[in-house]
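Shown below is the structure under consideration.
A, B, C, D and E are the chain letters, set down in written order, and residue numbers restart from 1 in every chain.
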Amino acid sequence: MTTAHDAPESQGFRLSQLIYDTRYRSLTIQVVVFFIVMAFVGWLVDNTIQNLSALGKDFNFSFLSQRAGYDIGNAIIPYNNDMTHGRALLVGLINTLWISFLGCVAATILGIFVGVLRLSKNWLVGRLMTVYVEVFRNIPLLLWILVAIALLTEAAPSPNAYKINPTTGEASASMLFDSIAFTNRYTAIPSIHFDRSLGSLDTALAPISLNFLAIVLVLIASIWVNKRVLASAAKIQEATGVRPTTWWKSALILIVPMLALLIALGFNPDEPVLQGFNFKNGTNVSNSFVPLWLGLTLYTAAFIAEIVRAGILAISKGQTEAAYALGLRPNRTMNLVILPQALRVIIPPLISQYLNLTKNSSLAIAVGYLELRGTLGGITLNQTGRELEAISLMMLIYLAISLSISGAMNVYNNRVKLKER
Amino acid sequence: ATLDDVKSRGELICGVNTGLVGFAAPDANGNWSGFDVAICQAVAAAVLGDASKVKYVPTTGQTRFTALGSGEVDLLARNTTWTFSRDTDLKLQFTATNYYDGQGFMVRKDSGVTSAKELDGASVCIQTGTTTELNLADYFKANNMSYQPITVDSNAEGEQQFLAGACDAYTTDASGLAATRAAFANPSDYVILPEIISKEPLAPAVRQGDDQWTDIVRWTVFALIAAEEYGVTSANIDELAKGTDNPEVNRLLGTEGDLGAMIGLDKTWAVNAIKANGNYGEIFAATIGEQTPIGLARGLNAQWTQGGLMYAPPFR
Amino acid sequence: MSDTHAQSVAYVRDTMLDPKPAPASQSGAIQWLRENLFSGWLNTLLTILGILAIYGFFSHFYAWFLHGVWNANSLAECRQIITTEYGDGATGACWGVIRDRWHQFIFGFYPPELYWRPILTFLLLFAAVGPVLFQWVPRKLIWFTPIYPFLAVWLLWGGSIWGPVLVALGFVLAFVVFNYVARFGTIGGFAAGAIVAILFWLFGVSPLAGVLHAIIPLGIEPVESAKFGGFLLAITLGAGGIAMSLPLGVILALGRQSDMFLIRTFSVIFIEFIRGVPLITLLFVASLLLNYFLPPGTNFDIILRVMILVTMFAAAYIAEVIRGGLAALPRGQYEAADALGLDYWKAQRLIILPQALKISIPGIVSTFIGMFKDTTLVAFVGLFDPLKGIPDFIRADFAWKGIYWEPFIFVGAIFFILNFAMSRYSMYLENRLKRDHR
Amino acid sequence: MTEPHFDANIDRSHMTVSDEVAIQIENMNKWYGQFHVLRDIDLTVQRGERIVIAGPSGSGKSTLIRCINRLEEHQAGKIVVDGIELTNDLKNIDKIRREVGMVFQHFNLFPHLTILENLTLAPIWVRKTPKKEAIETAMHFLEKVKIPEQADKYPGQLSGGQQQRVAIARSLCMKPRIMLFDEPTSALDPEMIKEVLDTMIELAEEGMTMLCVTHEMGFAQAVANRVIFMADGQIVEQNNPHDFFNNPQSERTKQFLSQILGH
Amino acid sequence: MTEPHFDANIDRSHMTVSDEVAIQIENMNKWYGQFHVLRDIDLTVQRGERIVIAGPSGSGKSTLIRCINRLEEHQAGKIVVDGIELTNDLKNIDKIRREVGMVFQHFNLFPHLTILENLTLAPIWVRKTPKKEAIETAMHFLEKVKIPEQADKYPGQLSGGQQQRVAIARSLCMKPRIMLFDEPTSALDPEMIKEVLDTMIELAEEGMTMLCVTHEMGFAQAVANRVIFMADGQIVEQNNPHDFFNNPQSERTKQFLSQILGH
């Protein structure tokens, strides 16, 4: 065998290898890029330091422990103007999470509803839902929030209007279900009241209502028992093939203990009542909250509807047909075959919509609802003049929220991924 | 230095409100006018000799100090209250108070409220990012009352909410209240309560550390005030600039000595400044005075000789 | 007929049957109604609810629309007219505000005698994107696409023509240098090209422009950014942001796909950071912090600063879109390019990117729609966007104080028309791509 | 097309055809909108009979067998399966679907369930079989289609041929008396066709009543009692396989056969 | 599988094999992660030799030929192509890729370029050929593969067979001294296989050094100097085609051949 071995066998390291040798080349490039990026970052930092010192400012977060001095209209945890900016930040953060949570829940419900109706065989309803989806998706969210607040402040009656006019004997505005009143200041809804309240537990962060705790515990317990019942039904089905009817058991288990607890606590909803100029007794949800929540919900629901529709359409007709051919009834087919598959398609984009909604909640700026951007990134920033600190802290918090949501999404995706070859 | 920047740019960049009728607001064609705007124009006239060489940068309560600190604007003429911490901690330099204001409340007449002390439990509309926010908290606390703050982002929004009845009271500087009320369809349906709960000296602000520029703005404002005191108006200034027998007026108008040179400006700097929109009194009358829809009385802002606080140090 | 006995089933049809029309119950309008609106109690209920909803909507707003007034110069005048025409208590839309101020909704404070410039720019935009987006536009026109951005900047902001020309020249210079140096190594070529261009822009452009302008004073009246507002501002920000973010997005997408750890990490950090925070915080960075990050004394106007942040924002999203496009390409394309001896950059430029970008166009259009909607947020840093900035400003006027719905409807309708058209177009593109792809 | 060769001379004596009627179709018509897909179909299938349906694309073969288990509704005529007439009565439809198994061209396995779960789903929920029993049956049929070791994998992890065999097993788990096949091999790679056809032949040998739409002529010759040729929504010709292939009568049939066996 | 039949007795006397070495592989090993794909491969290819590589799926055939133009990196041993050793040096890799053409199973034409642009792309950008010359060469090779009239179409408009011929022409435009083929016909419909194989035979007759992974045994018999059988990442047997097919030595080979030629 002839050896065609005249390639120069070079030993040792030559400089040109840095560029031409695949092993070192990428290293070279990375080192160069690293230095460029670091130099750029360094340049920014250096500029910042220079600018700060020119202005005689420094970079520190001690303002967070100073007295805030301003009030927050819709704090969920106890807050007053003697507390610190740090506390105000926390109030804002909790408000952000709270509006995002309520927005996500409502948008999901509405979105599923619209998405399913859009698929309905009813031509008219299908068209109406299409109009809804297209109109809300193609117009900026800000407009919907502004419209919502204008609607509440311009079109809703003042609390006065709910007063019964002595001459005519009726009020010019009437409450929804006799318990919800939209007014141009707030939406009055019933609040929860316990005659035999358990009191509350004081923690550093916020007092936790023991009533609430008891309700949650009972709820968890009855869900757990219900699960056991379902599991035993499944066992019986495994053994005999016939599944015992469980719905009434489930209903009993879920409802009776809760009812008992509520009666024991002396639960009664406090209907808002007009007293003097304003509604009392109930909870008055401020008009900065409702429009923001409405806008976020309506806007995001349009996107969710599309996701739901696409998810269901993505499950091929063949799956339904195969299930039918096996003798499965339509509702079983939906539960056992279509939904488990559709959910896998739906949930990832759904979660990224949740993420968008959370980020969009920063539009609270348009209605003066004080969430994270309103407290830390608004009043605190303004009163202390610490824009660098406040804004970077705010961005980091948003980033942390986003990353944890998308981390949860990745975990979920990996769990339900269809096995492929 | 700022003076050189302005000169080489040929234009003064002035930070103003996003729109507060009477103080600074663009008209239908986008031309700005108002009390604060007049100050900008006077400074531009003093420095550049041309009152129209101003670029207006609308700033919100949030962005105004950054805009000044970062050099985006040369001068902040935007009803900004002179406070200790702003002067020191925010590294601003307040030049001279051009309007003595105080925070007040406005309510609907038919609500029957006649004093701020009756506002216990009221919803109060308030602009975020202002000192009024802190004053409000302090006031209610001191009087042991509660209130529901309804935060709004701009005066326009506050108006909207108040008009719609979303809040029982609207609070901001009394001048702002008057301006707002003036813009209502039925101003007489609303009353401004007598209580003034804070001192709000409003002053144009500049960056700390540029003393020459501070002096220019400060003395331009004083020149306007002094002009009123000495009876120099836009009508008679050309006449007076030829020389009078009042040496103070002569120094002010540059016919005697050269005060301008001491702050790096022309001899005629004050003449230009006053010519732009008239003296302090003329400006006041034209933009927010009793003859305008805003209808503010001079009150504290009268000359010291009339029992007010307007008092220009001597020009010498 | 078939014999039932399996063993003797042979059967041949001698005459073929012609198709018969379907039985009457299977066709016609009644059938359609039955199937689409009343095919069950649930369906019927839904139909009734739907009709009620439509009725409720129209009965509420019909009168308001019908009583619309165009010829009025103030809200009070509007109300006056409506009351005299339709009696006390009648409500109606006051479109007079649109007639009176439409130019501010569209152009902001741009000088009216120069409106032709933004209009021309907008029309030319179609010529520029036409060859990319529409199949019937001749491909040859593509030479106009790279020229357009410079032309647009010049037309919108005006001033001496030499600035944009020289900036464009910087690109040409970079390309020439790149071509020369790339013989010795593509990366070196990039570096040299970039350095030359940056040096030229930093130190060459403004003196040269001055000199050239002195010699040949070609220019149009300058318009400062502060005069931009309304849809002009929204479209400028949206389109400018997308256009400038494209190259950055491509680089980020390639970076994220790279097998070099550091480069991938940097790209991921950038993309995830930008995508993880609300746009509004980035706008605050533009208005409050950007000046801290730049050398002391640098100062440029807020529109430009917003544009920078908007570009970064768009770039992160575009990068993800393009990454999708890159991932959709079969591995065989990379391998074939390798096997032919093309190096990484040539393969990217000639084979991979042209295909990946084409696949990404629908995604880019969608990103643009999102961006365009988001430009309304600039109201919060004091710019005159069409949705909040301009209407707030119009309401500051005594004549139009208290007018809400008409501006909302007008601005909303324009947004809807533009975005709906674009989203339909991108759906059409998507379908076409699906068909084109073998 | 590659054709696995089957021995046409295998001993078919043990494949019995009873006199009982399994499916009876009389004068059946179906339209899609205005399009007349099935025209005056008459067909009687004895229990134990194995019928192959062939015909050009679009001739209505799939539609015909989908009508038999009511995946499609017919508009005129009568279909009686296993003594039960197909009407709009949901109960009848349920009964019939339990008796009739169907295998699709694209397998249509449930991708989110393991093979075993695919196989036991319907027995448990439709036939109310105890789970243990259902699993036993499932394993039995998995062994029959020769992939018991794949029971715990997911469909996505199997090759096409394996998936189709699972699909057959899934139908068998419901213990149907009639099996319908709609081109069960046409989505498969050539190597896999044989394994599926083998499974089907085994089924045929056990005496299952089968209707099979297929173009695998080797298979038809090997197992069919009868070949039916459809065109334009009509049954154009039917005969026993030997005569059908060697002595087609109608022009359409001849043309079709020449195309299929052509190359 | 359908096999186009080639005359195994064509005159092959003018096909020459020189003594010069085109490819030399010594003791080469490759792993994918922990998986040992190629084990101790030794192979010497003379200039002008035509080698067919066969073996069961997953045996490493593709990996072997992809190592030769460094689409995959090997981890141990030595590969010398055209006198240049394949190391990490980019310049060597560039040189070798210019000398070695490759044709893929899925053609991998560039769908956004016309046929002509596909053919001239690499000559212009890699070989720096003037455009006019590149076009001339391209047309020359398009004529050779018998589709000059398609020059201005896009790949999507061509049939599979035509696309594969374009892919061959594209490689040839770089004037390579060695051609690698990775199952060039296995993604094609049977009718098109022959047209591609014809093109390859023509190439072979011109004395191109060829390594070809294929299961087309008729082709192997017609043109190969040598057939290599791989299994489990190793070269199990090699021989001239006649002896390889008629007298296989190893058990694996026999089994494989029976499967391939089997039915």
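As a convention for this text, a contact is a pair of C-beta atoms (placed from the backbone, for glycine too) under 8 Å apart; a residue touches a chain by one contact, two chains touch by 3 or more.
Keep in mind the model is a prediction, meaning the values are calculated, not measured.
Visitor: Identify the chains adjacent to both chain D and chain E in the sense defined at the top.
Guide: A, C
Visitor: Could you tell me which chain's Cα centre is nearest to the average position of every protein Cα atom shown?
Guide: Of the chains present, the most centrally placed is C.
Visitor: Among all chains, whose Cα centre is located farthest from the one for chain D?
Guide: The most distant chain relative to chain D turns out to be B.
Visitor: From the centre of chain E, which chain's CA centre is farthest?
Guide: Measuring from the centre of chain E, the most distant chain centre belongs to B.
Visitor: How many angstrom lie between the CA centroids of chain A and chain C, rounded to a whole number?
Guide: 27
Visitor: Return the distance between the CA-based centres of chain B and chain D, expressed in whole Å.
Guide: Between these chains, centre-to-centre, one finds 90 Å.
Visitor: What whole-Å value do you get for the distance between chain A and chain D if each is reduced to the mean of its CA atoms?
Guide: The separation of the two C-alpha centroids amounts to 50 Å.
Visitor: Compute the distance, rounded to whole Å, between the mean C-alpha positions of chain B and chain E.
Guide: 85
Visitor: Can you pull out the residues of chain B that are in contact with at least two other chains?
Guide: 62, 66, 70, 153, 157, 160
Visitor: Which chain C residues reach two or more other chains?
Guide: Where chain C meets two or more other chains at a single residue, that happens at 288, 291-292, 380, 404.
Visitor: Could you list the positions in chain E whose residues touch two or more of the other chains?
Guide: Where chain E is concerned, no single residue meets two or more other chains.
Visitor: Spell out the part of chain C that touches chain A in their complex, as residue ranges.
Guide: Contact set of chain C toward chain A: 35-37, 39, 43, 46-47, 49-51, 53-54, 185, 187, 259-263, 266, 272-273, 275-281, 284-285, 288-289, 291-296, 369, 373-374, 376-377, 379-380, 387-388, 404-405, 408, 411-412, 415-416, 419-420, 423.
Visitor: Considering the complex alone, what residue numbers of chain B touch chain C?
Guide: Touching chain C: residues 18-19, 21, 25-30, 55-60, 62-63, 66-67, 70-72, 153-154, 156-157, 159-160, 163, 183-185, 293 of chain B.
Visitor: Which part of chain C faces chain E closely enough to touch in the complex?
Guide: 330, 332-333, 335-336, 338-343, 346, 350-351, 354-355, 358, 436-438
Visitor: Report the residues of chain E in contact with chain C in the complex, numbered from low to high.
Guide: On the chain E side, the touching residues are 69, 71, 94, 97-98, 100-102, 104, 106-112, 121-122, 125-126, 156, 170-171, 174.
Visitor: Taking the complex as given, what residues does chain A use to touch chain B?
Guide: 51, 54-57, 69-73, 81, 150, 152-154, 158, 184-185, 277-278, 286-288, 365-366, 368, 370, 374, 378-379, 381-385, 387
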